[in-house]
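Every chain is named by a letter (A, B, C and D) in the order it is written, and numbering of its residues begins at 1.
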Amino acid sequence: MVKVAVVGATGYAGEELIKILLRHPDCKISHVCAKVDKAQKFSEFFPWAVGCLDLVCDNLDINVLKKEADVIFLALPHKTSMDVVPELIKANKIVIDLSADYRLSDVAEYQKWYSAHKDIENLKKAVYGLPELYRDKIKKAKFIANPGCYPTSVILGLAPLLKNKLIDISSIIIDSKSGTTGAGRNPSMGLHFCEVNENFKAYKINKHQHMPEMDQELSKLAGKKLNVVFVPHLLPVNRGILSTIYTVVEGRQVTSSQIVDMYKKFYKDEKFVRVKNDGEFPQIKDVQHMNFCDIGISVDSNRIIIVSAIDNLVKGAAGQAVQNMNIISGFKETAGLL
Amino acid sequence: MVKVAVVGATGYAGEELIKILLRHPDCKISHVCAKVDKAQKFSEFFPWAVGCLDLVCDNLDINVLKKEADVIFLALPHKTSMDVVPELIKANKIVIDLSADYRLSDVAEYQKWYSAHKDIENLKKAVYGLPELYRDKIKKAKFIANPGCYPTSVILGLAPLLKNKLIDISSIIIDSKSGTTGAGRNPSMGLHFCEVNENFKAYKINKHQHMPEMDQELSKLAGKKLNVVFVPHLLPVNRGILSTIYTVVEGRQVTSSQIVDMYKKFYKDEKFVRVKNDGEFPQIKDVQHMNFCDIGISVDSNRIIIVSAIDNLVKGAAGQAVQNMNIISGFKETAGLL
Amino acid sequence: MVKVAVVGATGYAGEELIKILLRHPDCKISHVCAKVDKAQKFSEFFPWAVGCLDLVCDNLDINVLKKEADVIFLALPHKTSMDVVPELIKANKIVIDLSADYRLSDVAEYQKWYSAHKDIENLKKAVYGLPELYRDKIKKAKFIANPGCYPTSVILGLAPLLKNKLIDISSIIIDSKSGTTGAGRNPSMGLHFCEVNENFKAYKINKHQHMPEMDQELSKLAGKKLNVVFVPHLLPVNRGILSTIYTVVEGRQVTSSQIVDMYKKFYKDEKFVRVKNDGEFPQIKDVQHMNFCDIGISVDSNRIIIVSAIDNLVKGAAGQAVQNMNIISGFKETAGLL
Amino acid sequence: MVKVAVVGATGYAGEELIKILLRHPDCKISHVCAKVDKAQKFSEFFPWAVGCLDLVCDNLDINVLKKEADVIFLALPHKTSMDVVPELIKANKIVIDLSADYRLSDVAEYQKWYSAHKDIENLKKAVYGLPELYRDKIKKAKFIANPGCYPTSVILGLAPLLKNKLIDISSIIIDSKSGTTGAGRNPSMGLHFCEVNENFKAYKINKHQHMPEMDQELSKLAGKKLNVVFVPHLLPVNRGILSTIYTVVEGRQVTSSQIVDMYKKFYKDEKFVRVKNDGEFPQIKDVQHMNFCDIGISVDSNRIIIVSAIDNLVKGAAGQAVQNMNIISGFKETAGLL
């Protein structure tokens, strides 16, 4: 049994990690911590955990952490992971970071969207943890930058088109809708129940911090620099992302069955990507609490529309993090996830 | 046109007052204020109001308030209304206070549930603003203590039984369920969208601050001191209260049609109380955005169950406040409300 | 007082018409009917209406209808309005049809999306009832084809850009999200509570019957034939549509403040269109139960993104229908609506 | 690996059984069936199951069923289970029936609430499958009548009080609130999304078919005949039941800590019952997707209030059914459930 720790256990991603890890056959949660007013049992923060997890959740003590665990999940806010990572890497731990701190390889971009980067050295070592595209690198890695939720839904949705050079890369428009856990667990007026319930809105239009991550990864796939149009929206549901992606085919005619086949082939060995049959489309209900990314495709003359659905807390965060651990640790890739 | 002001305009009750008053044929909103970081148009706090209300909402300035309005609605937090009331009464304004500050005639009770009372003098002048029971007093009043939301649903639900001395007054059990606007507009973990959505719970079991108000009013109706059992619950909806009230008939047999008839007679001249036919029961959907209290009755041998539904923001707060103003000001009682 | 009838009173649009008309100062609901199993009071179908409307709702009897009302709102399913319209027009009634039967001027298009048209003669007389664009025609009309909900949000969102020939008309992509009342009141598996709640999905991608209506109206504005890309989605809320519309500027550079100014000028005399300030965007909460269309604008190099929000039952159906009646009948345009 | 079948796989309880059984370490779903228009893959009815379960779901064929499985879960509507049970018992299968058909030992009661019973012989063999009370009988059983959802929440909530003869058994009042999956998966106007969403109501007041089951089981515990007052309500959430239970202590004074201690002792060996500490209360969120029953206790002079929460689909149906299978089959009782 591998000993794993969750740092940032009181946020939604941390909570979800613990739910998943409790069911994992090959590892044991040995330590949890988070920014807390006082040390309490994890189950006092989350009463569902009574009888499931008997650990105390205290503030981070890096020495305790290093002693207690071999695999460490960091579910910390952006800009704080990089304070913790260096010492864990030095201690030779397997580190899976769910924050954005090590996702952008270009420090200038990081600085533009977040702040100055404080750990450029380890930035170079981070492997972008999208297993469907980078499994081989992940296998050999010890330090993973776990992808963002929106980017996961978008990159998996577009990878086959970009790798096959099918589309005009200047045409990509992404209209995403996310459940409210995506906005985190800190109370604020904008996330107050009565403000979200029965409401729906766009936010951070072309200004969301996940844009540079998408641009970086999609550009890699396309082999040249591209910029997406990205409009996120807030859904009055707890969990789930549905991204509707609009693109234009370049220079030739395609049919929907051709594209569906291409996607099915592209993902044929992937357990966690399910390409829908021609004429069928995903819904967030079908991926909630699961590590799947469901993809549906519509083609109309030279337009391709991709609809991609994930659970933002699972394939978009904690589930994908566990998938990465499974790959690194040589566990069955689906362990704890199916 | 009577000039009215809303103090505490940025809370849910204040917002609802403004929605109702905008439609009122006999009055005009001349002033709004609230505790704010900086003065802004009301419509900057509530974008729905653009094109509807063009007033600036600043912090309370009592001299401006006195100058600008003849009828003043106080939608302030408990314990702060009593700082404002004395001067408004001295200025001979019509004051309708939606807080709990002047609802309890016994200062010891107020102190027990809230804090020491700072305005005992005006406490004696306050008329409890439940029109269906105290219309004559309200007509002559200038200062109204507007009832709480839970008490409104409960008192209207029980008044006919108590006035007719039908039930064992020690038997009253009230199981109430309220929409989340009832908890106010201040962000907190417990009111965060993902904590309320898809959830349901009891809270403040036999400890809710509306209990002494119910006890006081129900005791008045019964003609002797009684104490209720009261369990409020939080519903994942924006608005509405449904109270399920359990009582035991004393000393004789009754049928449901007898009790339904008795209720229909009791409320026969009341526009805003609708007694359901035998076998029919209310739902919160039928009273949302309306000033009605819907009441359904079930009788089973010596048990009477009353189900009572209101919109907590309308009949439970702003609507009832406007109804009180209408009575005092000699407007049609339903003005702005139907 | 003008006597008005609502045909199809038991659907969501019919119900909403009645809610609005009950508050209307210049007219009186004299008749309601719908396809029903047996004649009952309207308030037995909708208990909220007890004490508000005391009419019986029976099946349609055209002679009774003609006798009882001067203005007739048809809130019937598509393909059934055209069975009723001819006789009402012959009887010289003012008819406002909320179905799609008279919206498409091209009968071939109607046949393609619905069925063969049975009343081509009156089709030519129908005026498309979008007051912000066709007020002059509406004023002189007696027969209105009231716009669809999605088209209303889209046409108002795009009219200034198209009239000013600013955009590449082949670039229009519309990503709309609608509350569930938009899908009607007939029970089905897809609209069962647990299937919609906590869910979100796209449906009828590029196949929605509102597409030809948008294409027709947008082409009129552009002065040439265009076809939109249109993906509707189902929101787990009762009411509201938010359309996020993506376009490309043609042949020159614009700034967001230029476009915002242009929109503000275009709609400067319109009570029911509210153009947001630069950097602000609408949410459905701000237009629920109101007849407004709120529009926000984002410009990024040559991309313009328009976000448009309405209440699908109000500006998208019943409210706009009443607005049309107001214009035709010479009432204040906002009567009953503000 | 034990081969298990789910009959009635397309209802919510059937779906949940499959979700749980897919994770079960000791058994394999070998067969699924349901009343269907045509045979299709289970994953065509429930797209979440693509890649998880590859079986076809056809109409029930009792010979196929007997051949394919050793443990058979019947998630059929009431009144239809008893058509299937006799032959399965004759074939010596382990049968766990989630319907109400074998829960009431008194056939007259069954006839009163449902219809004439067609299988009185096997009725006598059925063991009421509430493991916390009847584990020893269940161990030796081959045929289980799996408890109803409301009764599970109520019986577990009251068992310690009744077994210890603490309360006046004529005083029991149960105010329950259930998520909408409890009403089944058949579309109807009352379960249409917009009718349930933002709504709340009581239904079947003192007329719910789960009442005789509660009366029977609580009477057994009390050692004498009792009748409860029972008011169920419909919550606008997918899953979860919270029952607030009101009782009166008989003949002596108790404190809340005494009662909490008594409950903790009563359930000390039970993995799936969690008694909250004094002053703490359950919420449905903490038991969703889990097999727990959480119980909170409030004592005020001679009143005891019990708040009990379960997931209606898990501890209230499919989870408890699997728990019963585990006990019968000698698996770990928590297998597949923690």
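In the analysis below, a contact is a pair of C-beta atoms (placed from the backbone, for glycine too) under 8 Å apart; a residue touches a chain by one contact, two chains touch by 3 or more.
Quick caveat, the model's predicted, so the values are computed rather than measured.
**Q** Compute the centre of every chain as the mean of its C-alpha atoms, then state which one is farthest from the centre of subunit C.
**A** Relative to subunit C, the chain whose C-alpha centre sits farthest away is D.
**Q** Report which interface contains more C-beta contacts, comparing A-C against A-B.
**A** Of the two interfaces, A-C and A-B, more C-beta pairs touch across A-C.
**Q** How many Å are there between the centre of subunit A and the centre of subunit D, using C-alpha atoms for each centre?
**A** Here subunit A and subunit D have centroids separated by 36 Å.
**Q** Just curious, how far off is subunit C from subunit A if you go by their C-alpha centres, in Å?
**A** Distance between chain centres, rounded to whole Å: 39 Å.
**Q** Between subunit A and subunit B, what is the gap in Å from one C-alpha centre to the other?
**A** Each chain's C-alpha centroid was found; their separation is 46 Å.
**Q** By residue number and range, which residues of subunit C touch two or more other chains?
**A** Counting only residues that touch two or more other chains, subunit C contributes 195, 198, 236-238, 282-283, 285.
**Q** Any idea which subunit B residues touch subunit A in the complex?
**A** Within the complex, subunit B contacts subunit A at residues 12, 180-181, 185, 187-189, 191-198, 236-238.
**Q** Once bound in the complex, which stretches of subunit B touch subunit D?
**A** 173, 175, 177, 195, 198-203, 205-206, 229, 231, 233, 235-238, 240, 242, 244, 246, 281-285, 288, 296, 298, 300, 303, 305, 307
**Q** Which bits of subunit A are touching subunit D when the two form their complex?
**A** Of all residues in subunit A, those touching subunit D are 22-23, 46-48, 50-52, 198, 271, 274, 276, 280, 282-283, 285-287, 289-290, 292, 294, 338.
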